[in-house]
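Every chain is named by a letter (A, B and C) in the order it is written, and numbering of its residues begins at 1.
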Amino acid sequence: MERLSIRTNRSTELVDITGQVQEAVARLGGLDGVVYLFCPHTTAGLTLNENWDPDVQRDILLTMDGHIAPPDPRHRHGEGNSPAHIKATLVGADAAIFVEDGHLQLGRWQGVYLAEFDGPRQRQVWVKFLGEKRPIQP
Amino acid sequence: MERLSIRTNRSTELVDITGQVQEAVARLGGLDGVVYLFCPHTTAGLTLNENWDPDVQRDILLTMDGHIAPPDPRHRHGEGNSPAHIKATLVGADAAIFVEDGHLQLGRWQGVYLAEFDGPRQRQVWVKFLGEKRPIQP
Amino acid sequence: MERLSIRTNRSTELVDITGQVQEAVARLGGLDGVVYLFCPHTTAGLTLNENWDPDVQRDILLTMDGHIAPPDPRHRHGEGNSPAHIKATLVGADAAIFVEDGHLQLGRWQGVYLAEFDGPRQRQVWVKFLGEKRPIQP
């Protein structure tokens, strides 16, 4: 299992980790199979979405933060970050991506994102590979 | 890896792909393990839900399109389809289903759906199987 | 495949099943790999979130039930539980968690929850393990 370390810089933010995931697959020797990503936090998650126009990420956060799970005076959780917990549950903590010939198989416009909902913080993403691995060089 | 090709016919639509997934598992020789589905698009996703009353699918889309992620004049993405990107992030791009004796293991009322949020389009769903495979016939 | 049986007691509820999942991994002999959870229902799902302050679970349900997918007179599904179907699609039917040395790998504050959206009912969660297993004792 690889542990990626990701620094977030804003309270809510989509951080493109596609390159770091590809590097982790290489370190794990993944050749043909499935790479799993797991976010061990309860106020952040993982999502795939467009990696071309940054306005897509901005619009996703605008709607999630302001419309889908806004602050609510009826929330009771003492830390005051219940909207972040709700958004983490909506995007989910895991992702599975196919690997062929050692390469992540993504759609043309897809990137892999850590979804920060209660930053800025130091976050982790755990990575595991199941399938056929590269033979170890002697 | 199998690549399913799916034609969607409306701007938003839940297309039942359960039969195509079962056929892909058979082609991949899957006997006992996990079949993974991956949607390589950023304005569509994958979900499991009721395959009996079509009103369930209609109601899901009614609420997602009109209430959860409606058009918003503050969205900036030039293509104007930010609600589709948001809904793709909410339902997710992947699914994992168990296979036993070569058969998809689903609940009694469950079907597997491609969730189209920016159609009509030609879409793909990628399918991979990990686990015990059928011996190849000589 | 293990089948967990879970009794829910309220119409909507997050039931902590972390201990039952860990026990299922032990029964399956899981040592190092990935454990998959699958919810074979269309009005319930699976999610990971904070297992410390119960107000987090309360606030998640408050917002999901009352704000994100409230009852809507335009819903047509005859059983009247369309909000439950919508929430099941939002949280998802599956989860994948890493296992090392036979132990579930979770973040410090994470628990695994069955998300009941149309209870009370008797529910199932299916569990499968892929990876290296404990040698069988002679």
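Here, a residue touches a chain if its C-beta (ideal position, glycine included) is under 8 Å from a C-beta of that chain, and two chains touch if they have at least 3 such contacts.
Since the model is a prediction, treat every value here as computed from it, not as a measurement.
Under the stated contact rule, the graph of chain-to-chain touches is complete, every pair of chains being in contact. At the interface between chain A and chain C, two copies of one sequence, fewer than half of the residue numbers in use are shared by both copies. In terms of their C-alpha centroids, the spacing between chain A and chain C amounts to 20 Å.
With touch defined as above, residues shared between interfaces to two or more other chains in chain B number as follows: 68, 90, 92, 96, 130.
Of all residues in chain C, only 33-34, 47-50, 53, 55-56, 58-60, 62-64, 67-68, 90-92, 95-98, 100, 105-110, 115, 130-131 touch chain A in the complex they form.
Remark: chain C residues 1, 36, 38-42, 68-69, 72, 74-79, 82-83, 85-86, 88-90, 92-94, 96, 126, 128, 130 touch chain B in the complex.
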